[in-house]
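Quick notes on the structure that follows.
Which chain is which? They are A, B, C and D, in the order written, and residues in each are numbered from 1.
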Amino acid sequence: MKFAAVRPVSRVLARELAVTALLLLGVSAVVFAILYLAPGDPLNVLLEGQSPRSELALGMREALGVPRTWYGQYAAWFGKMLQGNFGNSIRTGLPVLPELARVGVNTLYLTLGSLALTLLIAVPIAVHTAAHGDTAGNTAATIGAYILSAVPVFWFGYIVVYVFIHKFGMFPLISGTATKQAQAWLYFLVPIFVLGTASGTLSEVIRHLREELSRVLAEDYIRTARAKGAPVWRHAFKEGFLIPVTEIVSAKIPFLLGGAVIVEQVFNWPGMGRMAWQAAQDRDYPVIMGIALVAAAFVRFGNLLQRVVFTAVNPRASKE
Amino acid sequence: MRSYVQGPASVDESSQLPLWRRAETMDLVYVGYGLLVVALVLASYLLGALGWLPHDPQAMNVGLINAAPFTPGHLLGTDFLGRDLQARLILGIQAYFLPGLLAITISVVAGSVLGILAGYRGGWSDTIITYFDNLLDSFPRLVLILLVIASFKPDIYYVMVVVGITGMPVIANLIAGKIAFLRQTNFIEAAHALGLPAHTVILKHILWFNCRAALVIQATLGMAEAILVETSLSYLGFGVQEPTPSWGNMVQAGANYFLQGNFWPSTAPALAILATILGFQLLGDGLNNLLEGKRGK
Amino acid sequence: MSHTILDVTDLRKDYSQRRGLIPMLAGRERVIPAVDGVSFYLRENETVGLVGESGCGKTTIGRTVLRLTDPSSGRIVFDGRDITRLSRAELRPLRREMQMIFQDLDAGLNPKMRVHAILREALTVYERPSDAEIARRIRELLEQVNLKDSKLANFPSQLSGGEKRRVGIARVLAVRPRLIVADEPTSALDVSIQAQVVNLLRDLQKHLGLTYLFISHDLPVVELVSQKVAVMYLGRIVEMGLAESIAHQPLHPYTRILWSSLADKRSTEVNLYARSGATAARGTWGVFDFEQPASGCRFAPRCPLYQDKGRPAVCTDPASEPPLRDVGKGHVVACHFA
Amino acid sequence: MDAPLLAIENLRTYFYSRARRALIRSVDGVSLHVAPGETLGIVGESGSGKSVTALSAAGLVSAAPGVIGGRIELRSRQARRNLLDGLERYVRVKERDGRIMAVEKDDRGWRRRAETLMKGVRGKEIAMIFQNPRSALNPYSTIGAQLVETIRLHTSVKGEGEARERAIQWLERVRIDSPRLRFDNFPFGMSGGMCQRAMIAMALSAEPSLLIADEPTTGLDATIQSRIVDLLAQLKIETGITTLLISHDISVIQRLADRIAVMYGGTVVETGRAAEVLAPQAQLRHPYTAALLASVPSAEAIRRKSYLQAIEGEVLDTIDVPRGCRFYGRCNRVTEAIRENCASLEPPLGEVAPGHKVRCWLYPASGKA
């Protein structure tokens, strides 16, 4: 009997995977469109693996097998990507994908860490407000979160850096050669702290959780739970907590990735965001294209996870 | 202790209390602060556009660099070149004001069209628009902007087009949601049954009567987004370039002196950003609670 | 006998369950027949009641005959004119003659508009009357639905249920319809208000010569207001005839169950001991799966007659779903044993 | 009469309308008694306060200010206490001319106090079923799991497997077919009637002393309604459970209740034995009860196609509660002799016959009080 429920879930999962694939195809099309429309023919550069300033004549391009129609170019470009060839960086000449893999780990650490921190702060405030209504304490906390969320990340970073210099007498910037000091671990926590509190996500996470939880707590079935003397949280957990948390986490990933660009810049953090900034400076589009694709894939992956949780938790999702 | 006091019993139900008397105090504080910020931004924008500034924003006073606020003659102090911060802050609004309006216009207009297609037409259009929204939501906004900057050119109006387009899904979802709600109460069907033409239903009943408040709220929140993007880009060096002031590049320029203990030249624009974004966000949320009913209900 | 104003023949309405882009592209869509071959007609100034449980398709019929949703097949003739395939534009002038009262009290009442504006809009859909004329008509409408002047300045949220219903009716009357589909017009109202609305609807019929398709699950009210009653079960009419005969000489087992459940509830006896044995014998009602209707008679799975007769094969024979048979005096029934 | 299992005395539950800056007097001085083993039916229209009375008794009122006065005395074998004990310490009311004009309540303090009073009572001694069973059951949990939870919380059965068997027995007792299969079903995909059966099973599986059934048939189809009423009637015989039954549907009350309380505008206007209150020839009846009974189409009215006897006017708005009789504005039996009283003084609930009380100036018994 219990196993009968497994089959539809796997079917829903297959469906979600297909949707993800379709959206990733769409993502590639958007990136392609931007490159195709951009001046300076970046697409041909990608396809040839040459810099635009190379003296190749048009005829030579054809000899090299670069297609001329847009769909031909898309197919060629997409085919190369499927083989893991995202092109070479114009600035360094290194292949893009291995570079991204190298720095991507740092960004992953930064975003996931700050996400955890955001939840750590937001969840208690949201739960308290939803459960007890507005009190002086949680109103103050909510306003604090609003203000913190409006603080410009870059300036907030400087404040933290300043505090560090004066408090610990050290410069918490990571510049590849991190000094071996006693508080070295702090180096890694500071950017997470900044991104987790001041990226504008905090107030939104609080608001979303609070709204959803309040809504669920007002549902008929929670009243039933109270009427039968059962703990309310046990009944409200799935719809009022688990689902909204995964929803908001999935929805906030792109914002955190965007915020990472700035935080990595402030702290000289060797991640994808800093790489994106450098690439935009140098108009190094193979790199920035790769970053956009990887970031979008990351977002879709987060979304996929959210759908999986939703499907696993919600008995209706597997039947609809 | 909370008290609940019977007001003068109103036999005539049409004499509803005015909005501001029914509202919760916090919401009024939010909206009040938000409106103050909007008024200040608007006034400052006009001052900047007309060139009525307390000082020449480019005039350097090498003898008075990084001056603290309330220095005689410079109410908000000066920056590292001795330029008047107050004048530069006011002028800095030029950097985001019109581009922000452009972004809002794009997302509100195009988002409304998509929302109506999805909610009102339903069927195929709904499915496709949902996918389109998901697609746009896949890109971190700043990364997409950097891609556009790298491929095209670092122009704030290009950037704001991207901001506008990526802001469409929120509006589209909102309007589709409103339409779904009206459908649920058979409102739209009843309007058709009466014989009202589609354009009356869409423009008058859906957009004007039932979505205008929500659209104003979203536009307000959109402005906060636009400011965030513009200041971030200026900070990163892709936006407005020195010597033209923008709040973002002012923070960046002051940063070098920040670590030496000269907080003010960097902090003044940062506080301006903070106060303004907070103002737009609180205005949006406060209006939402006032006009669209309290959260959760 | 007055002439036929609405004639519906073999009406079908399938709902397809849309399940996203992928099944759409793959062409896999589930189709659920909400209305499955229904025929009936309405004479001018008459009321036909349509009864059945929720989900039986009675509301869909109401919406389809007014072309608020497109029929999958069949024919709808309004006042001698085939409206089955008319386009939206061709339909518009006819709309004013056929109107609908929705179950939802808020239907058609824009929450952001005052009552006055709502009525004014309804009056100006098809005509451009002068302001004086509008004022006169609004007064007339208020009088017709027995609503106080002072309510004109109210928003719908400030009205009670009964007042909302009256405004809804006034809004419909504003275009001077001839046929009104009343979909559960009283079910959202309190008992004491229901009676007011029923009386009002009957008054309006008398004075304005209206024709009603009266959709309801409230059997006594349907019996009271209708000349004819059609009983629906899972998208089909299973019995139709004069209100008295449906109520007092029901032939279809389903109709009998419907009326007996009413009688059960109405009985003043409180003798529970006598009742308990009988209740157990009646057994429970299964849920019906819409996607896979039973083969043969669709009521068989719940039919007491089918059980009593020892499950005759004819009831579940896929080739023979019982058709509506005329048993005299315009009474039709779809059962092998009626 | 036995000592009541539940005695509600002068209960007041108010809410607050922010939009109109006014107190909503939902339950305004209600007294009710439920004797062990009997079914008390409360009938009334929307806004009469019948459901709020029930929710107050179960301590489930969530909006503010909520319960502000009265006693709710529970006298079951396991628990004997006033569920509103000490309420007055958390509430202050300001009256003018005998009318509450302002309420101050320490809601959080009272909530904490009420929860301790309710410990071991809610769900265990007082179980409840609601209308719209499909939304009242947890959609994220199977029927079986929800039953097992109740059983393990409130009965001596603590083991998982044992509780499961007990749950299946209960599903059988409420006549759900193939209970073993249904055990693993989610409420989604089950019919409303089936969900209500599961709901009833869940409430009774705690073996409570009192069952509060709040509109148990509302939102169900007519045929299903009648099955649910049958089931409740039968369970009453089988378990002898004391029931507080709330419904707007007189026919449901008629079938199940031993005694009836008719509510209007936040007060009880008539109470007595069901047979007496609803008897077709009853003379000493509240005009509202009489009108309510008359507004349901009778067989006679249908045959003659006559007009229904509607109660004119709108259901009382419990914000604008009149000074005199709450039904005065809609009453068709006001005589000149009592008009003045009706308009200015609220009639007391006077005994017109043994055990039969009516709140109306028409009856001399009321005049004496």
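Methods note: contacts are C-beta pairs under 8 Å (C-beta built on N, C-alpha and C of every residue); 3 or more make two chains touch, one makes a residue touch a chain.
Nothing here was measured: the structure is a model prediction, and the numbers come from that model.
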What's the chain with its C-alpha centre farthest out from subunit C?
A
For the chain pairs B-D and C-D, which is connected through the larger number of C-beta pairs in contact?
C-D
Taking each chain's centre as its mean C-alpha position, how far apart are subunit C and subunit D in Å?
32
Note: subunit D sits from subunit B at a C-alpha centroid distance in Å of 50
Distance from the mean Cα position of subunit B to that of subunit A, given in whole angstrom:
23
Multi-partner residues of subunit B (at least 2 other chains):
13, 16, 131
Subunit A: which residues touch two or more other chains?
22, 218
Quick check: what residues of subunit D touch more than one other chain, meaning two or more?
189
Please give the residue numbers of subunit B that touch subunit C in the complex, ascending.
12-14, 16, 123-124, 127-128, 131, 185-187, 189-198, 205, 209-210
Across the complex, what residues on subunit A touch subunit B?
22-23, 26-27, 30-31, 34-35, 37-39, 42, 134, 139, 146-147, 149-155, 158, 161-162, 165, 200, 203, 207, 210-211, 214-215, 218, 251, 253-255, 257-259, 261-262, 265, 276-277, 279-281, 283-285, 288-289, 291-292, 295-296, 299-300, 303
List of subunit D residues in touch with subunit B within their complex:
14, 16, 18-23, 64-65, 92, 100-107, 319-320
Interface residues, subunit B side, partner subunit A - complex:
26, 131, 134-135, 137-144, 146-152, 154, 224, 228, 231-232, 235-238, 248, 251-252, 255, 258-259, 263, 266-267, 270, 273-275, 277-278, 281-282, 285, 295-296
Using the touch definition up top, name the residues of subunit A that touch subunit D in the complex.
1-2, 132, 218-221, 223-230, 235, 238-239, 313-316, 319
